Amino acid sequence: MFRILLLFFLFISTSHASDFCVADLKGVKSPSGYPCKSHVTVDDFVFSGFKAGNTSNVFKAALTPAFVDEFPGVNGLGFSAARLDLDVGGIIPMHSHPGGSELLIMVSGHITAGFIASDNSVFLKTLSKGDLMIFPQGLLHFQLNAGNTKATAIFAYSSTNPGAQLLDLALFGNNLDSMLVQKSTFLDLAQVKKLKGAFGGSY
Amino acid sequence: MFRILLLFFLFISTSHASDFCVADLKGVKSPSGYPCKSHVTVDDFVFSGFKAGNTSNVFKAALTPAFVDEFPGVNGLGFSAARLDLDVGGIIPMHSHPGGSELLIMVSGHITAGFIASDNSVFLKTLSKGDLMIFPQGLLHFQLNAGNTKATAIFAYSSTNPGAQLLDLALFGNNLDSMLVQKSTFLDLAQVKKLKGAFGGSY
Amino acid sequence: MFRILLLFFLFISTSHASDFCVADLKGVKSPSGYPCKSHVTVDDFVFSGFKAGNTSNVFKAALTPAFVDEFPGVNGLGFSAARLDLDVGGIIPMHSHPGGSELLIMVSGHITAGFIASDNSVFLKTLSKGDLMIFPQGLLHFQLNAGNTKATAIFAYSSTNPGAQLLDLALFGNNLDSMLVQKSTFLDLAQVKKLKGAFGGSY
Amino acid sequence: MFRILLLFFLFISTSHASDFCVADLKGVKSPSGYPCKSHVTVDDFVFSGFKAGNTSNVFKAALTPAFVDEFPGVNGLGFSAARLDLDVGGIIPMHSHPGGSELLIMVSGHITAGFIASDNSVFLKTLSKGDLMIFPQGLLHFQLNAGNTKATAIFAYSSTNPGAQLLDLALFGNNLDSMLVQKSTFLDLAQVKKLKGAFGGSY
Amino acid sequence: MFRILLLFFLFISTSHASDFCVADLKGVKSPSGYPCKSHVTVDDFVFSGFKAGNTSNVFKAALTPAFVDEFPGVNGLGFSAARLDLDVGGIIPMHSHPGGSELLIMVSGHITAGFIASDNSVFLKTLSKGDLMIFPQGLLHFQLNAGNTKATAIFAYSSTNPGAQLLDLALFGNNLDSMLVQKSTFLDLAQVKKLKGAFGGSY
Amino acid sequence: MFRILLLFFLFISTSHASDFCVADLKGVKSPSGYPCKSHVTVDDFVFSGFKAGNTSNVFKAALTPAFVDEFPGVNGLGFSAARLDLDVGGIIPMHSHPGGSELLIMVSGHITAGFIASDNSVFLKTLSKGDLMIFPQGLLHFQLNAGNTKATAIFAYSSTNPGAQLLDLALFGNNLDSMLVQKSTFLDLAQVKKLKGAFGGSY
């Protein structure tokens, strides 16, 4: 009896194109993101990679991103996420996200986190399970394990691709002339060269 | 020697007003959110309420929001979060978020979740620890515990206040005339009245 | 004498590319919409399809959309429109638009319309010629002919493609398992199966 | 039995604040619009002023706006509307909307309408009942009755307050020095003074 | 010792794709701008064309744009610039920018500039070196040399492609029928035809 | 004869409220900026402070901002500007703008400027009169006088208040614990303490 309904409404219901725009990662990006994939399944909306990261490195840290390049379903939706693992003594060193704000959500352990505002005031807190902390877009911040156990946290971002500028890599991990680094940062030249050595930059 | 620097740069560094806009919840909202609080401390950027919720209810579920009204620091930043606790057999029934998209991040247990797109296609998945799933803005969706243990998840939203329209409460939890509900949903009148009774609506 | 002017200004006036971006519907969409058509004429900005729709269906209703897929000129402009025809006794059943708000503009006849807000309060009104009514983005709403004559209205939307999620089709017009519908909506299983039959869903 | 549900969900459903922001017209505007009214009823979402306008003027035209100042419900929603009545021989002279694009929807009669793009190309069409035409933001355009009967149309805008800059009033209806008008438009001084007289400007 | 760091962070630092989106001008535009160029160098962020323009024309003026089509690096960044040279007696005649607001920054000389608001009020000022003046989006404005020396200024725009609608060219520099110009502007027909002759329009 | 026109159009032309929103700096900010000033004159759109700055400081540099707090007319318009004076040997040290992108426009002299992208690649160029260079939002950058004469430049920003985070002041000009600085930057503790002394931070 009611089956005729379907025919009637198909004209406004034939497309989910306005609901979402899963990234076609092989397509060319524009300022609004990747072009939309034409056929999608539920797996385009699911990401299964938030496993414990490998913290066997000098930072004793692992960050597992679910940005648009890893999780194409967030394309055009204005958010993304990442998982943080910090071993005892681990640290995510000073960095900023040029493209979005960050929300840290503690899952286990203890983390001391801080950010510095444009007026140079410091916002510093030690966080435990169940705590959230905001790091506004573009501001320098860091996170370090403040306890005697591993710490795990979830990051949410207000961007599908917040980017990340690591201070040490930006200053010391490239071919920026040591004299320019010294002049623009007031660090001693010896300090600059020492860290260029450590972070793989050319002198 | 360098101390003179501070005086020099104060003129561009005296204010963090452009970095963030913590909500003054006593102020009057505008389309862009709450007015900005004039003095802020680190505690404005920290929310400590993601404790296990009370699931002693018919849904065997608890949702703990950190939207702008609970967490004023997200004002103007375009994101917010919530914690979900689902007891064995628990469910978050069919609903949608008019104001933003949702990202579910599994912390423990197993959840079967689904959303329905504008073309009526169903996107359904059973999720485990480490999985993420997207629920695009305005689309009907639900989540139910799919395992034999409690399930816990984090939600991130692409809005400081995504809102939530619960289907049963929208249809049966208010004074919308039963005949109008019947006509606009094709439910049987007896069904409408039964659920109006359950959800507290007037007939 | 002044003819030299043209040469002078051509360098800033050779392109209308910033004025508009008519959709090339054969192109691949991105989050900001369709790519721009390279050559346009006035007919790209004109849509001639707002004729009386065919209301010979169980809803006694017809909706004629002028969204971006029917009217490529609205691409990138943030609005679109539709025409509504409601025969005597006709209804547009409960639905929501995930992508934009709706503005109903009465042309003839009488329509009773309502929407339900996130706090479950009901906003209900009977409208006559010359009345306008707003239905905010993502909220459930419906419209039914409240008179003894045909009713006609214009819809404007705050999106080039607002989408439409019809409640009955979302719940009953697809392959969503009847048990999941029952659990997530608290409808009786018999009711679910009856409407699945009517709306063409699988059991 | 189910009544306990209400208590459970109240914490996420006590507010419709994220659904809409009806303008408090007595409040002070900000770039995002008016502050939100604290208590709303259905009448905040309904506007009843689209009656036939008074065309007893030299333009033989009437425009009835439903912008945010007349229809506070559109605040923050990004659209608004107006009704146009054009008597036989009536015209809406050359003007532009700095704040939004316009969509003309014909209701009755015949209208010749045109706009001029940044590359000076002309987009001109005679429209009849059922036709729609787009006028992109900021471009000069006009509409004139092209038939032997009254013409009526609806305008939708991609802004809650598109503004309107009438060319003749901008050039001739104020205290802009006649010599400056002449120099900046290449009109003859006599023409400028004649129209300053007509449109009430000072010389 | 620290060299292992590089390997660790490469997974979040392999791409600058979120930092910027230099226009591939050969690609097809969408509402958000041009597609992104895949390989960039510093020269994509540098534009070297702000030389003194050729003012040997009837306007005694030259405008050198650095919009997205000349300076692809601004794509997606929401700003652009131009250089203005005005010889003694030079003028930029009445025009508007449909796509963005303008900020004039005086470099040398004296300029009298004005804009007209939607309420027809005039905002007029004579500017000297070191002065800035705002011309809001879509409003008619003009600039003329007010001194005895050449004047130079920089324009910044709140758009990568603000467009420019020159009043005389829009009215008189195309094939818009002279009668339609007369009717829609109230100019005398003789005046219309005279300026059509000067600005190259057809009668 | 035509004077009647004025009465006719006043209803759509009585307000410039949609054209602009000059900041009332005494009002409370919201995420969209300051509330709008109710009465404006041309002086609200003019800023006269781009004079040569005082470069008698260790940086041999002066930056004169015209952000919303100095130039309330830019409120809500999405751009602002600043003037840079660099004496011989002068430098604007490493910093970033969390809130917007920067466009440098050379007026006189020679400047070597560079920015570092999220992938740590360096974009470096020596600029002369007539050159423009882009510094995308949130990325570290610097500018130093590369010649034997004073250098002057104009900055345009894609924000009414881009903010500025000076690296040395963020790390060394506040009360951030020296050990935390050392841990999060890998600088030697002696270096940290030395610069804390220079930039006025506490140890």
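To keep things simple, chains are lettered A, B, C, D, E and F as they appear, and every chain counts its residues starting from 1.
Rule of thumb we're sticking to: a residue touches a chain if its C-beta (ideal position, glycine included) is under 8 Å from a C-beta of that chain, and two chains touch if they have at least 3 such contacts.
Since the model is a prediction, treat every value here as computed from it, not as a measurement.
The greatest centre-to-centre distance from chain D, using averaged C-alpha positions, is reached by A. Between the CA-based centres of chain A and chain E the separation comes to 36 Å, rounded to the whole angstrom.
One inter-chain figure worth recording: chain A and chain D are separated by 43 Å, centre to centre, where each centre is the mean of the chain's CA atoms.
Chain C and chain D, compared by their mean Cα positions, are separated by 21 Å.
Within chain F, contacts with two or more other chains are made by residues 2, 13, 15-16, 18-19, 30-32, 98-99, 117-118, 120-121, 124, 136-139, 163-164, 166, 168-169, 173, 186, 198. Shown here, the protein chains touch in an arrangement that is not a line, ring, star or fully connected set. Of all possible chain pairs, those that touch are A-B, A-C, A-E, A-F, B-C, B-D, B-F, C-D, C-E, D-E, D-F, E-F.
Across the complex, chain E is touched by residues 1-9, 11-13, 15-19, 21, 24, 27, 30-36, 38, 75-76 of chain C. Interface residues of chain E facing chain D in the complex, by the touch rule stated above, are 91, 93-94, 96-99, 112, 114, 116-118, 120-122, 124, 136-140, 142, 144, 163-171, 173-176, 180, 183-188, 191, 194-195, 198.
Those residues of chain F that touch chain E in the complex are listed here as 2, 13-16, 18-20, 41-43, 45-51, 66, 71, 73-74, 77-79, 81, 101, 103, 105-107, 115, 117-121, 123-125, 127, 129-139, 154, 156-158, 186.
Those residues of chain A lying in contact with chain E across their complex are 28-32, 57-59, 61, 63, 65, 69, 98-99, 159, 161-164, 166, 168-169, 173, 197-200.
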